[in-house]
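Next come two complexes, and both contain subunit A; in the first it sits with subunit B, in the second with subunit C.
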Partner chain A sequence: MFKAIIESEKLKETIEAVSSIVDEAKLNLTPDGLTIRAVDPANVAMVSLTIKSNAFEEFTATDGELGVDLNRLSDIMGMAEKAETVELELDEESHKLVIRMSGLTYKIALLDPASIRKEPKIPQLELPASITLSGNDMKRAVKAAEKVSDHITMGVDGETFYLEAEGDSDRMRLDMLKDQLIGIKSGDAHSLFSLDYLSDMVKSAGKANEVTLELGKDFPVKINFQIAGGSGEVNYLLAPRIESD
Partner chain B sequence: MTSLCVSCKGKGHCGRPACPILEKFKPLGTTKKLSDNIFGSSPPSVFVGRYGYPHVSAGPLVPPDVVGKEAGTFDDPGSWNGLGIGDIVRLRSSLVRSNMHFNVKDAATPDSMLQKTQELALSQTPVDTEVWFYKAPRMDLRFDGILSPMGPAGEVTKLDIAQNPVVPRQVDRMVGDCDVAAADAVKEMYSADISTDHINRLLSIGLLGKKRKIVPTRWSITATDDMVGKMLAEDIRYYPESSEIQVYSGELHGNHFEIMVIPGPLAFELIEIWMPRAVWSGGTTHVEADWEDHNGKKGYSNLGGGYYAARLPVLEHLHDLRRQATVFTIREITPDYWAPLGVWVVREAARYALSLPPLKFDSIDAALTDMSIRLNTRTDEWYHKSSLLDRRLNQRTLLDFL
Partner chain C sequence: MPAIVIGLMNAKPLEWAEKYRPRVLTELAGHPNIVKELLGWGQGWEKGIPKDRALILYGKPGIGKTSAAFALANQMEWDVIELNASDQRTASIIQKVAGSASMMGTFDGTSGRRLVILDEADNLHGNYDRGGARAIINVVKNTKQPLILIANEFYDMDSALRLACKPVQFRVMNNTTMVNVLKSICRQEGVMAGVGVIEQIADNAGGDLRSAINDLQAIAIGKHELDVDDIVTAPRDTRETVFRAMDKIFKASDMRSAQEAAWHVDESPDNLINWIDENLPVGYTDERDMSAGFCQLSRADQFLGRVRIRQNYRLWRYASLFMTGGVAAVKTRNYTGYNKYQAPQFWKKLGQTRAKRNIRDSLAGKIGGICHVSKRYARSDLIWFFKHMMNSKEHAVDVAAELEMNPDEIAFLLDTKASTKKVKTIYESAQQLIQARVEHDIEVFGGFTHTAPVDEHQLELDLIEADNNGDADEPLEDNIASKGDTKNQSSLFDF
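This part shows the complex of A and B:
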């Protein structure tokens, strides 16, 4: 069984964090909250998300799985006002998700969890460098890079976090010194990433107060931040591109 | 001649009253004298012009004095593979276009002339038709980047259908149901093996959807290719990935296709190469590319209707095989494509290439080397335009780090 009440904003944040990677996802329910783990069809980007039950105003669930069409859900959540609470309930008989908000009731069809792409194995990575910065700064850096290129290099040089983008004719470089960051752990880090993917991830991460990046040399980047007022956590993993000489 | 011609294909973007490229094909048509009354079987075929939208001219196409089965070939590109470009132009130029004038919204409340045109469009087989004109139709061969060439046209005074149309059951159901959205009707009919030409004809003459409207043929062709393609892609996304790298190759009317099927999530890219002296390109090579990854396409392709026409056979192929794959496609247009035949050439050329046995390769590089042997244009002239190959060859996956 599953029944929960949550502020609409928190639910929207949760959906957005996952829908930037996949269109359909499996929600794993436990009495303590819910988790989602998904990888995009090209195996390039991964999301793993946890929302604890205390993010909800009310939360009752037994262990189970729900297959959800995220675009559908996000479309319906567009009807909810910012401050309003939304009630979610699994109708076991029809196997539909009932969504209630200020007088409105939706019943949406769930997907067969077996039809959704298998949950990925998570690479176990020990990444040498780590940077913590404001979500807003992260968003600005990515936006700056999009103006000149499709790719961005992220790296650490001493106690400076740098981002570089190189287009056919134009270049961008952004240096963030220690005092502009919330924290930095130096290490050998320099990797190239596709902005297609990173821009989608930053839509969610950009709203967080703190975003932690873990980087290595030609290794995936881990992007970690909190959502739902600190009761939820998002971890992205994005594979690097091969640097052309 | 500039690259403007390659993207415009006779739509008039240069501001000239008539397209200089298209004008020079006019003498190709037959010059048979026509009277003001013609009788023949419409293949069936209807045409809706786009000038003056929402006030458009529309009506059936009829080959004078050709009746029965033979008439069907006049609007069936699938049966033209053995013909030369000149033969096709001659065949099309003998089709007479009958013009009547409607507002696109008339589709919902048709007068008797539109009703007859709609009735004819329902048929799967040729329909005997008699048309009376104000004056004998004059030779006016028309070419276009999307549409097949068309012959003389005349203003209609009276139209008669002398035969009952043969209407497939599924067509009858979808046309009779005003509560079915056009996209759903297209889906239903396609699943029931109604041809895309037939679906396009119904959409164009305003027989599908909730709020019915007449749609200019030029738009309805691409709308049909896109709707059917999207519908196939929805299924394909759930199919297992193909297991080997294959290259399909084939050419029709100077449209040379190289199609590489790569194991991976559904994605499609088309690189269009207009060689010097192909119909729209003038003296230089023009290369344009567009693609979509597994998320599908948003917005209209910069390659226009040709993108959707090339994508459809590829998706049909994957759908038949029940496999998803990343498909890299090159369409090289050679000087052999000397007169524009319409976007069906793209569809049929890709279909033809995919009907031939593929070659198998161990790597994308080996496949590219093989493809380049059959292409006239050097690899370095198009390779950098490919986003799909760039992503495929330079983006690592998380599986590399497990």
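This part shows the complex of A and C:
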């Protein structure tokens, strides 16, 4: 059983955070809220998202899982106004998701959860360095790098967080000192990442007030931030690129 | 921690072929040398990026290529991703998935290894997988992770791809190996097999272990003891090369065996007819047989035409019957010995003659327009007549002028090149004739009014005058230039 009412903005944020990684996802429902874990087809990017029941105006669910085509859902959510509330309900008889918004009712077919790629195990990583900065700064840094290259190096030097991008002929470097950041924990960190994936991730992360990055040397990056007004959390994990010799 | 193997370790596989798929390379049956080679390659990756970054595993279906790739990954504790024919494989998808997977480390960092498997790499589907082959070559060249391509036919792949990878050939399983595998499955499933049962199943499968396991499972459903009489599955259809089928068709002693030869080939009748067409003169050396054979082929072709027009594919069966059984039945003597068959030149020739066919079609359009017949009729029934007229000094120029032919078209009808003097002379005289006619028209009709129609003629006249030097491209330029003059726009260089 599943029935929920939520502000359309919060739902859109939630879908966007996952749809930047995968097209189809399994929604795990519990009485306390919902979680999604997914890994992209190339096995290089992972998302783990939790929305607590208090993000919803109303939330009742029993344990279960729903297979959802995220593109389809986000397309339909485009019909909802900003301040509107959206009602979601599982029609158990037809196994369809009913979406209601100001007089409009959709019934969308669900996917068989068994047909969706298996949820990944979240690896336990202890990463030495951690940086907290505003989402907007993060977005700007990625945008700046995209102008010269398709990959970016992120690292920590003392108490400075640096980002470097090197294209065929052009370079970009951005230094962020301690006072420009919300917080920094120094550590040995220097890894290369694909901008393709990062720019997808900052689409969501860029809207958050605080984004925490965890970095290591030639290790994946963890990107954590809150959504849905603090009642939801997104954790991205992105594998590093292998540097050319 | 074992690697995450997608689609392999699902909860409860129903098929035995899946259930008993080897988990590690040492369990792989029948290919001891390949196991050694793969392990060596895998260990090479632990030390850094080896010389051969990509392998092509090729061989018949059902003999363990995909199993070997997954088992290698499992044994090396590598992460795996697989793209096969059930995924769409356009250039952008391959770039995004296989490209990213082969350039990036794992969630364990840059030293983590991920095996990228491109299954059915010889089976990219035209438009659906547009640009896929080239994208695969790109991925192969730039990969920083182990890459395995899997294919049935090595030579169905692009040569650039074949050169970029190290080939590993999987040979057909021998019966003893298959019998051992089947017996071990029987033991684990608690099935008692009578004397000869397993041997018979293995024999029927023709070296395809997966088929053999499927057959065994089909027979064993709901039984604990198997008897030879329980074997209800027929020998497996084996796929044959089209060359073997050619031989069987031309040497068949009855219609039935010729037809069966065609069933085992993976070609549709509209492709197969080109093969038979190409090789009939090779197979039938007796002229009467050859001509009778082509007669049958033309009957088959009529049916193919009907299929095309009516979109009724049931008629394919008649086309097939004529092109295989029909061809086999008309021969007057038996042919023996080795024949060297070759692939049809039809498609290649179509490509080579495209330019010429375009000229023919534009000419047919002009003839059709003037004779009030269809382009198709003009092409098949009237062109020869115009050829004849063009070869007579008397009519050539008139005809060329009437049809406003360009030098290419004149050359086509004269069976020479557009650059020859003969073509040039006819073309120039024809252009003069056209010009004279236009001038005459202006004289006759031009006096009445000085409005738009006259201007139009004037423009055409300019064009024709400039055209006298015989080059098709020039008049347009001259025309533009003369237009520019009338505008009276001075340029900076005038001062």
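What we mean here is this: the second predicted complex is superposed on the first by the 244 of 245 C-alpha atoms of A that agree within 3 Å, B and C clash if a C-alpha of one lies under 4 Å from a C-alpha of the other, contacts with A are read in each partner's own complex, and residues count from 1 in each chain.
To be clear about the criterion, a contact is a pair of C-beta atoms (placed from the backbone, for glycine too) under 8 Å apart; a residue touches a chain by one contact, two chains touch by 3 or more.
None of these values were measured; they are calculated from a predicted model.
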Clash-or-fit label for the pair subunit B, subunit C on subunit A: clash
Touching partner for A:K118 - first (subunit B), second (subunit C), both, neither: second
First (subunit B), second (subunit C), both or neither touched by A:D32: neither
Partner chain(s) touched by A:P220 [first = subunit B, second = subunit C, both, neither]: both
Which of subunit B and subunit C A:D175 touches, first, second, both or neither: neither
First, second, both or neither for A:D75, with subunit B first and subunit C second: neither
First, second, both or neither for A:E92, with subunit B first and subunit C second: neither
First (subunit B), second (subunit C), both or neither touched by A:P41: both
Against subunit B, colliding segment of subunit C, chosen among 117-125, 189-197, 243-251 or 261-269: 117-125
Overlap of subunit C and subunit B interfaces on subunit A (superposed complexes): 40-44, 46, 120-121, 123, 125, 194, 219-220, 237, 239-242, 244
Sites on subunit A touched by subunit B in the complex: 23, 39-46, 115, 120-121, 123, 125, 194, 219-220, 237, 239-242, 244
List of subunit B residues in touch with subunit A within their complex: 237-238, 264-266, 293-295, 391, 393-402
Of all residues in subunit C, those that touch subunit A in their complex: 4, 6, 49, 79-81, 96-101, 103-112, 114, 144-145
Footprint of subunit C on subunit A - complex, ascending: 40-44, 46, 117-118, 120-121, 123, 125, 191, 194, 196-197, 216, 218-220, 237, 239-245
